[in-house]
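The same subunit A turns up in both complexes below, where it pairs with subunit B and then with subunit C.
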Partner chain A sequence: MTDPGPSASPEQAAAAGTLAARIALKQRAGGILVPVVTVVFALVMSGIVLAATQHSVHTALVAFQEIFDGAGLNWIFHPTTNLIDISAYNLSQTLLQTTTLILTGLSVAFAFRCGMFNIGGQGQYFVGLVVANWLGVDFAGMNPFAHILLCIVAGTLAAAAWAGIAGVLKATVGAHEVISTIMLNWIAFWVASWLFGAGGPLQNSTQPTVPVSNQVSSSARLPDFWGAQGFQGVHVGLFIALAAVVVFWVLLNRTTLGYEVRAVGFNPDAAAYGGINVKKNLVRAMAISGAFAGLAGALDMLGGTTNYQFGQLDIPFSQVGFIGIAVALLGRNTALGTLFGALLFGSLLYGSFHGLGSSAVIQPELAGNLTYIIQGLIVLFIGADVLILYVWNSRKKLRRPPANPAQPAKATAA
Partner chain B sequence: MSTWAARLDNPLSARLRDPAATGALGIFLGAFAAFLAIPPIEARTVTWPIVVGIVAVALGIWTVSRGRRRLGWGAVAAGVLGIALGMLATRSSTENLGSAFDATLVAQTFSFATPLVFGSIAGMFSERSGVVNIGLEGMMLMGAFWGVYGADKGGSWVVGLLVAAGVGGLVALVYAFFAIHLRSDQIVGGTGVNFLAVGITGYFFVELYHNNPVPNGVSLLPNVRIPGLSGTGFFAQAIGDLNILTWASFALVILAYVVLFKTPIGLRIRACGEHPRAADTVGINVYAIRYGCVVLSGILVALGGIYLSEGPQGNGSFIFNMTNGRGFIALAAMIFGNWRPAGAFGAALLFGFSSALALKLQVYSSSAATLFQILPYVLTLIAVAGVIGRTVAPAADGKPYVRQ
Partner chain C sequence: MSDDLVLEMRNIRKEFPGVVANDGVSFDVRRGEVHALLGENGAGKSTLMNILYGLYRPDGGEIRLAGKSVSFSSAREAIQSGIGMVHQHFMLVPVMTVAENVVLGSEPRSGVLLDERVAEKRVADMAKTFRFAVDPGARIEDITVGQQQRVEIMKALYRNADILILDEPTAVLTPQEASDLFEILRTLQREGLSIIFISHKLNEVLEIADRITVLRRGKTIETVPSKGATEASLARAMVGRDVLLRVDKEPAQPTDVLLEVRDLHVRDDRGIEKVRGVSFDVRAGEIVGIAGVDGNGQTELIDALAGLQKIESGTVKIAGHALTHASARAALDAGIGHIPEDRQRRGLVLEFSIAENIALHDYANPPDAKWGWLFPKRMVQRARTLILEFDVRGGGPFTRAGGLSGGNQQKLVAAREIARDPSVLIAAQPTRGLDVGAIEYLHRRLVAERDEGRAILLVSLELEEILSLSDRILVIYEGQIVGEHTGDITEEEIGLEMLGGRETAAA
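And now, the complex of A and B:
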């Protein structure tokens, strides 16, 4: 891991008991081992479910191989840039999924590093998506570079402002960010449903009865860097997402802002004592967190998997903001970890929905649900640091300082 | 008691000039302004809503000038909103109004509120004992699916209820182990439960029913017909034909209040949620209480879930991810109701009313009805922002306890 992660002493911070501090402790204790063990455990558990319900261990093993192939990961055995090759095509689609998940993962991770749980990535994603669609449709015929920039910047800023509401509420009246972001999620959900629904302001102007938006004009579409005629290619948003990973790392580890954000995440009281404006940093961290999710939404609208438009009926099935939680937790809220987490979940999502979707091994619909099970198990077990530490303790004598119940985890009280 | 005595001693006029009273009256009049134009009053001119609304605004301004700013601005907002809604209502036709505001609106409010009542009381038990249960959504979904499965295989809705409660309790037990013994972060753990429930119910829905609706003829939760209340009267339509779980939800609210606030066990539960160390010191088994409460919460919210699939709206069929955020609304209702049974019941009714009204608003415009769905969430956001009085969570809510 090149990402050094939090630099303050994790043991001391853990005594203060904030969520970020506990995660930092786990990072020191488990290294890269914890997420790997969690993933393997989740895969084995879901494999047991598969084997038990299909009455065959062999079927379960083949199903996992199909997920692997379906995600295009078998591409490494015979690399080619020709999308007509099925493994290359599958890989390109996995990369599209990964692009979105990198950004929603970074969104959750950034808030975590400030000691906050941004569960509202889904709503912020919708805000970025809606704004990008609105501007992408309305300013047709602009200079493509200016148009794309306008859509991305506006979508990102709008989502930052949307998430900033939760930050302001937390900083001013102490409203818990989990509750406020859940509420903001559903408000964004229904407003987007209204905007794209029949009779809504952003609904398709040529087919008034179809609850789908207009297509983003060609001047606002992101160019593909890996594509072929008749295929959905991989757009340059992947590089924007990779750049965002670098920005995340630099922002957090090499700037005053990042130092203050992490300090507040470890221990708000100590940070305040050290002269850091805690309230300002809560709002700032939440807004930056929302910006990442909004960027994901904007990129998905301008390129990506939505075919340049979005429908009312697509909204309930969009889960990328929530999967970002699993991505960030698995990556232990570091830049590089989030990147790998996004790649794993991107592969799982595409591989199970589409790889198994065309196979005869198990019912296609089972596979998609299997991904939810794996995701749930990963989130459930990654949060159980005591269990993982216990396993770790039996290997290496590392004593966890007793948690002080008088100063409990900040991010958990609802 | 002394404040009550002091209030009784004051002359009536002084009490009426109290800013708290004028502010509350202003908010009430603001709401009343909107109701003047809809049945059963149905004022057909715009005059009366405007007059009443202006009185509400005036009272609000008076209250603000007397120092109760929050309450005063609330009354001003209620007055303005009342005028606007009143004007809207007078412009629409009486038939549309009549179909939107009738006794079935009451019945549907109760129907939409039922799962929310179960969910919010469930969340209350868990959080009063000090464990945040964001996994309500997932446990509700489990109840919805396994309840229908139980009713289908067992041949009776009673079996369905038992299976739903059992599965809900089991999931809650697993979550409790993570939250209490493993001291896992409770928000993260609950989020995991939610994902897991979507996956498990979706997986077995495909596996057992091949994504098709459950076969016809599944034994449904019965409605309770009140003898002597039938026909087309207001009360007959409003409460004459409610579901058995709706009645159970009313009873649950009273029961929850009695248990939490009038019994020794309730005192113990609240002690564990406020100050687990002190509770431990006097010999209360904090872990046992928390386990019990979380499992109870899983059972209750699963009963809310089975209402969705086996109740009058679900009609015995499960749909992928059919809770669609109701567990979160239940959580919001609990917070809105300030972690108290009566408050949560009121909030659940309010949210149920807005859902029922959104359904009725389809006659005007389906797009407006969609937008209307945001009301519960906006209200909750306003509530947590502290505009309508500050909500206060139990002090040790969400904080793992380590025995010493």
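And now, the complex of A and C:
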């Protein structure tokens, strides 16, 4: 009676009804090992692709070295605070990328913990960008601290409200959040394109023919904590993102709000029975999820050097909201896991574009696509971590039969 | 009956991570016998049968069918070898007819299409031979649970099963339906079929089985002929100690009315009126049992009382306070304790720890929390106390609730509900799927809580449980209370009312 029955996991699987809950469940099953194996698998596979296309194992290894150096990770071998040093500069760019991904990753992770799949991080990010740009331009000359605070808070809240729409739709009419957040992405995308586009209300007033936004006024810019004259430095947004990691953990594990979110995420029926308002939680969790993505957008808009702009050209290429999904999945929807996931993807994004793009061993026209291949493989393997788990488990199963080989053998003989 | 063995399982061993589910289990079945497999939950009955049915591969041991050694790697191979299994949860397509369900997977065809006529004819012939009393043309969703079960049996027979495994077949049946099932089983037995009957109900096993094998903790304890065995001897073999089978209780001393329900109407999620004008009282210090066949409005009645389903009309008063159009929160605060009928779907968050589950109603109140801030240490402390008091075994405050056995999960739910000191305690199917030891504990606890002065509303599909625990019995049929009994009444009389017998008799 005290034995934990082996049937525990199928029962849970049955209890976990939603797609998000199922994924969350499978994610929990493998501990820290599976994400690490996932990354190693993906890197090995990309190595094989590289070696095959370049007809050389050596080239593949060099390419990895170049990605590593391109991300500035070789900085640890000769650390310096001098940003003009190439590895230091590369590292600073990786950190900027990581800042954004931490927040979009937390966004996806938070919704997951409430049993929802927020694919709308990209749109929520745009909302944060746009609002921060509008306030950052229009309220020029404010007290810098107040101005920055205003832009960040407003951008974050606007994105929370934007994501909240998907939450309200789910809670009231049962519209699935995957569908509604994707649709909201496109609305945000086209609205932002119009706002920043030629003749749009937020278009750059000094360049009427170029579809870019105005530059954020200097009073709204986030200060750099690591920078050099004429270079794009690392702004204090990194610390805000790190603080967000702590907030995420505390919110989920140390507040009644987090208890409700987790209860609803694991088992909405039990949550309702426990006296928790499930609908309220769906809306609230979606809004908080959106807030993280919006914060990412606001920080990206406010942090940066003089030539940092977001125009129509940048928006179509931005993928940070979607990469946030991969970050969260790799990080198993935990605070710390998301942090490491963001660091990995940040390094990979900047390192592969930058390192391979200027590579001496790989043709530049191939480099860009190889970057996509490597990223794609990692995302693919994350999606396939269930498969990895399966292989892992069956390996253990394969090992067992020899413990008892005599009897089945005898049975077949008889 | 001869000693002609159709099935032998020798020294079967099966391990799961951390658990030895079958540890050298031996078991055999003769031609034309009903062999019962008896054991508590987690004793290894289902594992053994899943091995036989080809769903699991044994880690060791041998299976012989009619003397020949076999090894199945899928259920398909087991079916081809003449093994049929009727699972506890039916695997039927509700919108298809009986005949279509029976032939599904090995359909008679004309061209590429299903030959409906041949299918219906074959199924009708079979129904006649074995006296199944099922209309082959009826849709599954329109027939009773008992008939659905017969369809499952027909599915196995259609595939030429000569060994039939029935997994807890009576769990979903009324007493009448159960005795109909036993009639059918005896017919099959006369036709030479061998039947493996999995159960933890002692009385039925004694009634239907020729031989009984008792499993405990993955081991075979004994195989005995049912002649000469008694409920007490089987219970001792199952649990490993003497078990109190009857509930010992003093006559009730009911006092104030704590739960007052008047003319209650409730609709289910699909808008169908499932509770149609129910009125009753439950007083402090009494257990009122609600008997009825599943689906006659019990679930909706409980959900309405617990604030989980909207009250269409009528009133509910808890200790004098009206609870109309309530929320779950309001019902909890008004003093309702609720052991829900599905502890895994609703009673527990399986992924949460024991401590977090204990806090499920009070996570937002002191001492667990203040101003939205949680105090996990206090939650853990409270869990420690309750784990000891309610004898929850298999883990500490940090153990995942999903890792506990069914009985301990239920104790955990009971601990949480009773510790809140409710004036009204609703116990819905409190012992469903539990083994003898856990049932004994929960029954004693319910009586103790009654004596503490709580009003207890017991809803159960197990008539025996209702009869042995209740001080007063209400019978629910199609959303209405059709009978109330205080004194002695037999299972058969209540069973008749549960099927709407009184209405039929009056008409």
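Here, the second predicted complex is superposed on the first by the 342 of 414 C-alpha atoms of A that agree within 3 Å, B and C clash if a C-alpha of one lies under 4 Å from a C-alpha of the other, contacts with A are read in each partner's own complex, and residues count from 1 in each chain.
Definition applied: a contact is a pair of C-beta atoms (placed from the backbone, for glycine too) under 8 Å apart; a residue touches a chain by one contact, two chains touch by 3 or more.
None of these values were measured; they are calculated from a predicted model.
S.K.: Can A:V212 be said to touch subunit B (first), subunit C (second), both, or neither?
M.R.: neither
S.K.: So which one touches more of the residues on subunit A, subunit B or subunit C?
M.R.: Higher number of touched subunit A residues: B.
S.K.: Check whether A:I102 is in contact with subunit B, with subunit C, with both or with neither, and answer first, second, both or neither.
M.R.: neither
S.K.: When the two structures are overlaid on chain A, which partner does A:L169 contact: first (subunit B), second (subunit C), both, or neither?
M.R.: first
S.K.: Of the partners subunit B and subunit C, which touch A:A272 in the superposed model: first, second, both, neither?
M.R.: second
S.K.: Check whether A:A263 is in contact with subunit B, with subunit C, with both or with neither, and answer first, second, both or neither.
M.R.: Second partner only, subunit C.
S.K.: Could you look at A:L282 and tell me whether it touches subunit B, subunit C, both or neither (first, second, both, neither)?
M.R.: It touches nothing on subunit B or subunit C.
S.K.: Looking at the overlay, does A:A328 come into contact with subunit B only (first), subunit C only (second), both, or neither?
M.R.: So A:A328 meets neither subunit B nor subunit C here.
S.K.: Could you pull out which residues of subunit A sit against subunit B in one structure and against subunit C in the other?
M.R.: 403, 408, 411-412, 414.
S.K.: Quick one: in the complex, what on subunit B touches subunit A?
M.R.: 127, 132, 134, 178, 181-189, 191-200, 202-207, 210-211, 276-277, 321, 324-325, 328, 331-332, 335, 365-367, 370-371, 373-374, 377-378, 380-381, 384-386, 390, 393, 396-402, 404
S.K.: Sort out for me which residues of subunit A touch subunit C in the complex.
M.R.: Listed in rising order, the residues are 1-9, 11-12, 15, 25, 28, 253-260, 262-263, 266-267, 269-277, 400-401, 403-404, 407-408, 410-412, 414.
S.K.: Hey, which residues of subunit A end up touching subunit B in the complex?
M.R.: Within the complex, subunit A contacts subunit B at residues 19, 22, 49, 53, 117, 119, 169, 173, 175-176, 178-180, 182-184, 186-187, 189-191, 193-194, 197-200, 316, 322, 325-326, 329, 363, 365-366, 368-387, 402-403, 405-406, 408-409, 411-414.
S.K.: Within their complex, state which residues of subunit C touch subunit A.
M.R.: Spelled out, the residues of subunit C in touch with subunit A are 11, 13, 15-19, 21, 40-42, 46-47, 59-62, 69, 71, 217, 306, 308, 327-329, 332, 338, 340, 344-352, 356, 359-361, 363-364, 369, 372-374, 376, 393-395, 402-408, 435, 437-438.
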